[in-house]
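Here is the structure we will look at, set down as structure tokens.
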């Protein structure tokens, strides 16, 4: 099978996420990095390219527009581009590559405003291009297992959803008076109108959506701005899903002593399923009145759609890199299927629709909080 | 030391909670059960009395009023009464014993309405009597350890509080179409205007209050009535504590696959403390940027006020009975100190003020939900 | 039902274990403490009696022989005696009460030598008396659940057994140069020829035996004597059960940082079962190639023989006291059944046969270690 | 920095371990795969090469001898070869590459006999070549953190070591009557004189050695051959380390319901450290009489030598691939330092000395078991 060729915009500043994307994209031997505009500093740009085995240094570009232009003209041009820059630049970059007919994978949130997001979607549709979005937590193999179980009725009708994402980097930074690369996330010009809500709240929204398939209808959000900061650092949100299903969501960047404590619990009338990022390969499945079960992601008893996302024998821990690998695995499989006229099977990855759902969620939460913590419909603009 | 003498109203129907009270009250050899009106059926009444070593069967009463009257006239009458009947009867019974000059320990919630609760408080004050309330979870030794640590500044200033209490008995009952002793909790006439909120939501309110010492100012509550039931079975509440400290609370009786999963997390700017009912003798203490620590309740390094509530060497699990024992231990120590002119040291137990705080919490949540999930002040009547 | 009457020898020195026995014996309303020889100091003796509601102080004895004599002559004399003194005194006391026709519950190890143990057994048989032994860990409800599952074939044929009991009190004492009540356990005259092996190794032997029903045939033991002490503080033992089933056992009193970390894992060819003292109400059941299950002790899905040993609704933690309660519950039920000509149902408790098995285990381990860590048959004298 | 060039022998049969080596070697951008003899089937050989981005297909070899010869003659020949074939072929392949002056990384066990191992060591020394061995579990970042803590005296003097590695693939295979790629491990001709001992027992030996730095002096081993198989499937071993430090080791391939449950506990007189493969980034550190701490591998408070082995911010799980990455990271850093005349800092990886220690351990265990479970010195041939 012929591998896909891809390029990357961003990732050259020592930011860890660029490397995570690269490893994710190449993990399962479906794509190869052949071009990039990793940073504006050409020296660092080339260093990154060499470190990442980009052989032809003429495909290292100082500017993303130049890259889109040049790559779109080559017969062996890139099949897709990965965008891993700060959020405020996503829109321009994604638009540019789509306009040049190049498929896009973009870090979340896909852009700053819903209006921009909808333009990107329209553009991708017009051009017939694939637009993937890297919602990591939603892409662990165990989450797919959960979805298969929920679809198969193993917890019955869903009656409640509780999701949380506590981390503490903001407290750590505040106390240490640090000024690291994360600081752009606190600058309203670069991060958009929200910080915690956009940055990690959306991960929970996507996680719920991909795990349950349910549509979010309304939110009631309360934002906390730590020490009077212009942006939110803790969000507590009541959720209303289709069919009057209640839910509750908490995301925080001031939860001292926590790392990346994503956890989701979905309760049905016949059972419940819990997933925790601290043990990402496990589900806790509690059938009503029966012993609680630990479902491990790469065991024979799993759904085939889950097993497709496992790489190692049971008992060998896979982690964060592999979650990224799952997104790219599906994304690439879809591009290859399109190219070769084959099928990508049961593989699914977050697309621009998930990206838009995230923007709508942020927008609704923001409005709910601004208006005094009232119920706000998510689909209303 | 002369033991206290106590009586009990309720507890004779095979309900587990009466026995828990009895064991709690006698656990540390501070009190002895000498009288009771355990149930209206005199045969069962006497059986219970015999099983529980009430030696003088003339002190087994068919009616609580008769009991209050008779005991208040005896020179060796009871020092206090434990009330373990369904909620709707608490007010009459407590009032009667207080009027007869007898101290009271009452299961929570202490009565159905705030107005009744305030009358009871006034009466107890007028009579100079002690009114204890059995908030169990708030009374584990580890919770006292947490409070001592918080008071000592070990987590700095509190910035967030997350509490939850999932259980699933209602789903179990609904599915099984059971009709057990718990059913009164779903009857508005007997349980009051709320079910889940009164029954277990108040446990969380008390747990937060006793663990942190903070005063709750406002709530925004959303109730879920499962399958259109008149009463609530799931409550999701945004909290506002004094000093603008946010919090979030979830209590549910339809959280399939959970038992009694009380969990509280208090975040400060220097650390956080977590307690889970599944491991009741442990605290998880996470100092900022330092390794997370597991604080076990009966280790030498604990606060003296915590160690006073431990009975076994480290590593020997204590449980639910002992949490009740802690309440009665303190309550009895206070009565004895009063009697003997001594001091009860650092011991503290929930009093009628905690009971009233619980009623105010329920009342405010109820109004918030009724009015469309808006912020409601807790102290306003 | 008429309660049993019992007395106690020992328990008056503030030693925690006496109180644990008392609470265990009275927990389920089957017995009442009416007599005792708690300590040699008559003042403390009476204080203990009062604290423990022994009403007739003429039944507080300065000497156990006097007690045995007096009680055996009363028409309302004790039905059984609980012996909770240091090991070296067990034999004389147990013998005395048996000779006076009084049933016995004895702390483990039942005596210092196998010869003594066999005399006690013979005596009990001749007199037709019940001799119970308090192996606590083996008596948790979850262990009975495990046994029922194993008997029902849920793990298939047993192929391996791994058991451990790490604690650290000796390191703590050594470092702190303490001299507390536990010190007699290090004195060969009082504790017998072994320390760790007798004190906690036997708990593991009994735990395996009661959980699996298997007979131990051979041991190969290595003892570690910390800092050249005359007695052992760590034992590592290879086990050989009937049918050539291998096993491994580790008990230590110098395992720094551990409390009472009893853990047992039984592997069969169709599944495995694990129990840990840190979560005493749970079993981890792993059926071959299926999700691991957490079996909680007081859930409806349990075996009736397990449920009989649970007192609280699911989710309410029971602990160490309740494990003692289970032993006495069964012991008393057997005495009552004998008295009343009824049946004790499925209830079982450790008897003198279990006590003898413990002595044989210690003896064989001691010889194996003395002879250079060789295989030694357990049944050979 | 100029990357190293490496080749691989084996890895082309769909065996997962080849891919793990490739990902490990390239993870931190220190080496690039440029040649290989992945399998004897040239078509599959080339397919693997393409999938793994080997650009020059003339460097895909049908035979390892041809590869060693050709690569040693090229000016841009490989700097090292990774050997990932079954154990019985390691010796010939490693010898061949060493003789051609090419550095070697070899899967463990490095060969079948101690004699062969010593020849390889001698050869590597004569040629001045680096010989790395991939003991994975010993190479997690958390293990290095543990070693740094132990070296710094944080648990005091070591007094006991308990290690285990239960897995169940053999039971699974036996029950399912499978015949997969793992079957060579059960063939004495291909796996050597032992199965479980060589395959996973040696992982524990290496783990203890790297975590503590202690030298193993004697073993007493008992092997279990499941269902009369010629090879061992469960080993239970008493250990004697230098300074009379006792230890105990259990490895099993018939521990039904377990995956890859490596766990090690090291007890000192001032504290203990525990590591479990199920949570590979964590250590449990229990200082004497102080709260137990959870040390997470990529937190600021860690030793620099540990942090060097972490790639993601705290809270993002790394796993099995990254443990391999750590081995290759250090191995490559040493080759580069040698090439460039720089230093590899604190980085350490398992070398042929660790490989030899493994062979000695297996040899001694085998003899101990053959001779009836007696103590056998490890260094004696």
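All chains are identified by letter, namely A, B, C and D, in their written order; residue positions are counted from 1 within each chain.
The rule we apply is simple: contacts are C-beta pairs under 8 Å (C-beta built on N, C-alpha and C of every residue); 3 or more make two chains touch, one makes a residue touch a chain.
Small disclaimer: the values here were computed from a predicted structure and weren't measured.
Chains compared, chain A against chain C: the Cα-based superposition rotates one onto the other by 180 degrees, nearest 5. Averaging C-alpha coordinates per chain and comparing to chain A, the farthest chain turns out to be C. Here the spacing of chain A and chain C, counted between their Cα centres, is 55 Å. With centres set at the average Cα position, the gap from chain A to chain D is 35 Å. Separating the centre of chain C from that of chain D, both taken as means of CA atoms, is a distance of 44 Å. Looking at chain B, one finds that residues 258, 289, 292, 296 touch two or more other chains. Note for the complex: chain A touches chain C at residues 285, 289-296, 299-301. Residues 155, 159-160, 162, 164, 168, 171-172, 175, 220, 222, 224, 226, 234, 236, 238, 246, 248, 250, 252, 254-258, 265, 267-272, 286-289, 292, 372-375 of chain C touch chain D in their complex.
Those residues of chain B whose C-beta lies close enough to touch chain C in the complex are 3, 16, 19-20, 23, 27, 29, 32, 51-53, 55, 167, 169, 258-261, 277-280, 296, 311-322.
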